[in-house]
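Below are two complexes that have chain A in common, paired first with chain B and then with chain C.
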Partner chain A sequence: MDFNIIIKLNKVNFYYGQSRALTDITMNFRKNKVSALIGPSGCGKSTLLRLLNRMNDLIDGTRVEGEILFEDKNIYAKDVDPVEIRRKVGMVFQKPNPFPKTIYNNIAYGPKLTSMKTDDLDALVEQSLKQAVLWDEVKDILNKSAMNLSGGQQQRLCIARALAMKPDILLMDEPTSALDPISTAKIEELIEELKKNYTIIIVTHNMQQAARISDETAFFYLGNLVEYNKTEKIFTNPDVKHTEDYITGRFG
Partner chain B sequence: MEERRHTSLHYEMELQEIKNGLIYIGALTEKAIRMAMQSLIERNSDIAHKVIKDDDEIDKMDTDLEERCIRILALRQPTAIDLRFITTAIKITGHLERIGDMAVNIAEKAIQLNEETKLKPYIDLPRMAGIVIEMIKNSLDSFIRNDLNMAEEVRRMEDVTDDLNEQIFRELLTFMMEDSKTIHRSLMIMQVSKNLERIADHAKGIADMVTYMVTGECVRHQTCVVDEKEPA
Partner chain C sequence: MEDIMKPLKNNSMKWRYFKQSLFFGAVRLSSLIIALALGGILFYIIVNGIGAISWDFITKPPTDSMTKGGIMPAILGTIYLTIGAIAIGLPLGIASAIYLTEYAKQGRVIRLIKVGINCLAGVPSVVFGLFGLGFFVIFLKFGSSILSGSLTLGFLILPTIIGAAEEALKAVPQTFREASLSLGVSKWQTIYRIVLPNALPGILTGSILGIGRAAGETAPIMFTAAAYFTAKLPGSIFDEVMALPYHIYVLATAGTNIEATRPIQFGTVLVLVAVVLSIDLIAIIIRSYMRKNKRW
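Right after this comes the complex of A and B.
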C-alpha cells in the first residue's frame, strides 16, 4: 500500500443511460498534491470529478463500473454512506453558490447538522475563513448576507464552507471561470496554500491555470485518459502527440 | 508524424514568420563569413568593409526576432513543442548574431592582413570556413525540418573544425619560431582560425537546441539531467 496515494481508480467505466462517458480509467491521485483534469468539453473530466464524491448518484440512470478506492475502501461499496463520502470529499463549483444566509451561517450550516457546539462553531468559522484567506475581509460583517460579497469573495466563502467540514479532499470544478483575474489569482494562491493540508483535484479549461497551480495533470479525450503525468512534463514535453495537439491549440 | 496546424491561423503565421526570419538571418551570416574569407583570400579590403557595415542588418534582425519571440511568449503563452520552438528560436538568433560578430572580427583581421605581405597561401582556413558555413546551413536545416540526424552530423563536424584549428595553430607556431617578423601576421591568422572555430561552436549550439526542441532533452552539457519521475 502506497501511503502517498489517497484515491485509486481501477478500470472505472461510467454510463449515462446507454452512453458511456468514461472508459477504463485507471489512475491514482496523490495526497497533498494538486491534480488538474484537462480536456475539451464533453471529455469526461467533470464526470470523473463528480464520481469522486458520488455526486453522479444524484443523476438518474447513471451507472459505475470498476472501483474507486478512497484510502483503500471502495466508495461505491454498498455499506458506504454517500453523505459521509461527501463530507470527506468536499466540492467547489464553477459559479459561487453561497446560501442566502449570513456569512457566519454559510460556514456554520454544515457543521451545525453534525451537532457541533456553538463555542466550537465560532472557532471553526474563524478557522475556515482564515484558511480561505477571507477572514480579514469579513470578520466585521459576519452577520451580513453572503450575497453582498463580491464574486471572488463568494467563491472563497464556498471554499471556506467546504473546509469547515474538515474534508481530506477538495474537488474544484472550474472554480475561477466566473471570476476576474485578481479574484482568480487569489483563489490560485489559496490553492497553493491549501495543498499543504488537503488533496486538491481541479477541473479547468484554463491551460495556464493548470500549468501554474497543479503538480500533476491528466488529459482526457472522449472519455479516455490520454495522458497523466507531472504538470511540467505535460506542458513542456508531453509523451502523447494528442496531448500536445490539445495544449498547443492544434485541436480538431 | 505530420504536424497539425494551430486552430489560430494568426498564431501559425507568427511562428512561420519566426522560422522565415531565422532562415534569413542565417543566410546573412553565411554570406558574411563567405565575404570575410573572400576579402582575406583575394586581399580585397573593400569586401571586408562591406561585411562590417552589413552586420547592422544582422543585429537589427536579431533584435526584431527576439522581440517577436517575446511577444509570442507574452501573448500566446506557448506550451510543449511551441514553447520549445520559441525558446530554441531565441537561442538560435543569439547564436547567429554572435556568428555575425565573428565574421566582422575576421573581416577586421583581413583588413589588417591585407596591408601586410602575405605570410603564406591560405589552404586550411578556406577549408575550415567551408565546413563552418556548411555547419550553419545544416544546423538551420535541422531546425526547419526537426531533423535530429542532421543536428547530430553538425555536432560531429565541430570536432573537425577543432582539429583544423589545432593544425593551423601548430603550423603558425613553426613560422613564428623560425622568424619573429611573422609573429604579428601569424597571430592575426590564428585569430581568424579561432573565430572560425568559435563559429563552429555556435553552429553546434544551434544543433544542440534543435535536439532539445525535438526531444525535450538537454544535450548541451554533460551535466544535463532529465527528471522524468512519473506521478503515482
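Right after this comes the complex of A and C.
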C-alpha cells in the first residue's frame, strides 16, 4: 500500500444519460504531485476531473459506477455529502470566474459561508493572495471590484479563492487556455510552487505545458485511459503507440 | 437553384440603398406611430384632466354624491392595494422561479407547470376577480377588504413576476454557481448569496410590468376590495377601500351625474397614471442602485 496515494479510482464508469463518457478507469493520483490529464477534445478528461469533486452531480441524468477513494473513503458513498468533498477538493475553471464582488470578498466568501475556523479573516485573505502571487498587485485595491482585474490576475484570484478553503487537492480545468503567454507563465510558476503543499490535477490541451509542469501524465482517448506514467516517460518513450502519435501531433 | 447564380435584375447599389431606406423608413414609422399613440393618450388625459387637479382634489374625500370634492381615499386605496399585491406576488413569484430554475429536475412535469403559469398570464382579470370573491372573500371570510384585493391582485401578477424572475435567474452565468459550489458552499447559500443578488435587477425590471397592472386593474378588485363610496379611511387590512380604477369606472358608468363629472373622471385618470408611473419610478431607482453595485 502506497501511502503517497491520495485518490484511487477503481473501475470507474461514467454515463451522461445513455452514453458512456468514461470506461473502466482505474488509476491513482499521488500526493504533492502535479498530474496532467491530456487527450483530444471529448476524450473524457474534464469529465474525470469533475468527478473528483462531484461537480458532475450538478448535471441531470448522470451516473457513476465503480468507486473513487479519497483518503480511503468512497466519495460517491451514500453517506458522503458532496459539499464536504468540495471543501477538500478545490477547483479552478477554464475561464476565470471571479464573483462580481470586491477582491477581498471574493477570497473571504468561501471561508465566511462554510463556518471555517478563521481567527483572522484579513490574514487568511493576505495569505491566500500571497500564495497565488497576486498580493503585491492587489494589496492596495482589495476593496475594488474583482471584475476590473486583467484575465491573468482574475485567474490567480480564482486560485487564491480556492486556496483560502485550505483544500487538500486542487483541480485545474485548462486554467490557462483563456490567458496570454505571460499570464500563462505566471500560473505555471505558481503551480510549481503550490505542489509543495497541494496535490494538483490539471487538464490541459497544451502538450508543452503538460511536459513542463507535471510529474505524471495520463493520456485519454474516447473515454479510455490509454497510458498513465511519469511525464518524462510519456513524452520521451511512451509504451503505447497511440500515445506517441498524439504527443508528436500525428493525430488529435 | 440556377437562379442563385444569375445576376439579379435591378441589383445595383442604388436600388439596394433605396430598399434599405425603405425598410428603415418603415421601421422608423412604426416606432413613431407607437410614440404618437402613447403621447396622444397622455396629452388627451392631461388636457382634459389638469383642470380638475388641485391640492384639495388629491387630499380631500369626495362630497355631494361624488360629484365634487377630492379622491384622496381612492388614491390611498390604490397605493395600499398595489403595495399589498407586491408584498404577496413578489416573494411568492421569486420563490417559485427559484424552485423552477434552480431546484426542480427539468422534465415533463416542470414543462407542464410552466405552460400552466403562462396560461395563468392569459386568464382574463375578471376571472381572477371571481376567484378572489369565491375564495378569499367568501370561503376564507376575509370579506371585501384590502387583504382580499391584495391577494387577488398578487395572484394576478404572479405569472408576470415568475416569468421575469425565471429569465433573470437564467441570465446569471452558470460559472458563478459553479465557482461558489466548488468552494464547498451549499446550494442554498449559493442561490442566496450569489445568484439572487445578481438576478434582482432583472427581476425588478420584469416586475414593474406587473406592478403597473396591479395598480390599474378594475375587475379583480371590483368584487374583492373596492367600495363604491366610503369617506372613512381603512383602519386595518380587513377594511374596504376606494380605488382609483374602480372609482373611474363608477363615475363614468354609474355616477349620479355622469356628464357633469367628466372633468373629475379625467382628473382621476391622470392621478392613476401618475401613481402607476411613480411606483414604477421607485422600482427603477432601486434597480439602478442595485446595478451600480453588481456588474459582470
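The rule is short, and it goes like this: the second predicted complex is superposed on the first by the 245 of 252 C-alpha atoms of A that agree within 3 Å, B and C clash if a C-alpha of one lies under 4 Å from a C-alpha of the other, contacts with A are read in each partner's own complex, and residues count from 1 in each chain.
Convention: a residue touches a chain if its C-beta (ideal position, glycine included) is under 8 Å from a C-beta of that chain, and two chains touch if they have at least 3 such contacts.
None of these values were measured; they are calculated from a predicted model.
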Next item on the list: Have a look at chain B and chain C on chain A after the superposition and call it: clash or fit.
Entry: fit
Next item on the list: Please state, to the nearest 10 degrees, the angle that the Cα centres of chain B and chain C subtend at the Cα centre of chain A after superposition.
Entry: 140
Margin query: Quick one: is A:G110 in contact with chain B, with chain C, with both, or with neither? Answer first, second, both or neither.
Written below: second
Check: Is A:F235 in contact with chain B, with chain C, with both, or with neither (first, second, both, neither)?
Finding: first
Next item on the list: Give one of first, second, both or neither to describe whether A:R87 is in contact with chain B, with chain C, with both, or with none.
Entry: second
Check: Can A:K95 be said to touch chain B (first), chain C (second), both, or neither?
Finding: second
Next item on the list: For A:L157, select first, second, both or neither according to whether it touches chain B, chain C, the two together, or no partner.
Entry: neither
Next item on the list: Examine A:Q208 and indicate which partner it touches, taking first as chain B and second as chain C; both and neither are also allowed.
Entry: first
Next item on the list: Using the superposition on chain A described above, determine whether A:L170 touches chain B (first), chain C (second), both, or neither.
Entry: neither
Checklist line | Touched partner set for A:E216, first chain B, second chain C, both or neither | finding: first
Item checked: Smallest separation in angstrom, by C-alpha atoms, between chain B and chain C in the superposition -> 27
Margin query: On chain A, which stretch or stretches are contacted by chain B in one complex as well as by chain C in the other?
Written below: none
Item checked: Residues of chain C touching chain A in the complex -> 105-106, 173, 175-186, 189, 193-194, 198, 294-296
Check: Which positions of chain A touch chain B when the two form their complex?
Finding: 2, 4-5, 28, 30, 33, 35, 207-208, 211, 215-216, 228-230, 233-238, 241, 243-245, 247-252
Checklist line | chain C partner contacts - residues on chain A that touch it in the complex | finding: 53, 55, 58, 60, 83-88, 90-91, 93, 95, 97-100, 109-110, 113-114, 145, 147, 158, 161-162, 165
Next item on the list: Note which residues of chain B are touching chain A in the complex, please.
Entry: 1, 3-8, 11, 77-84, 215-216, 228-232
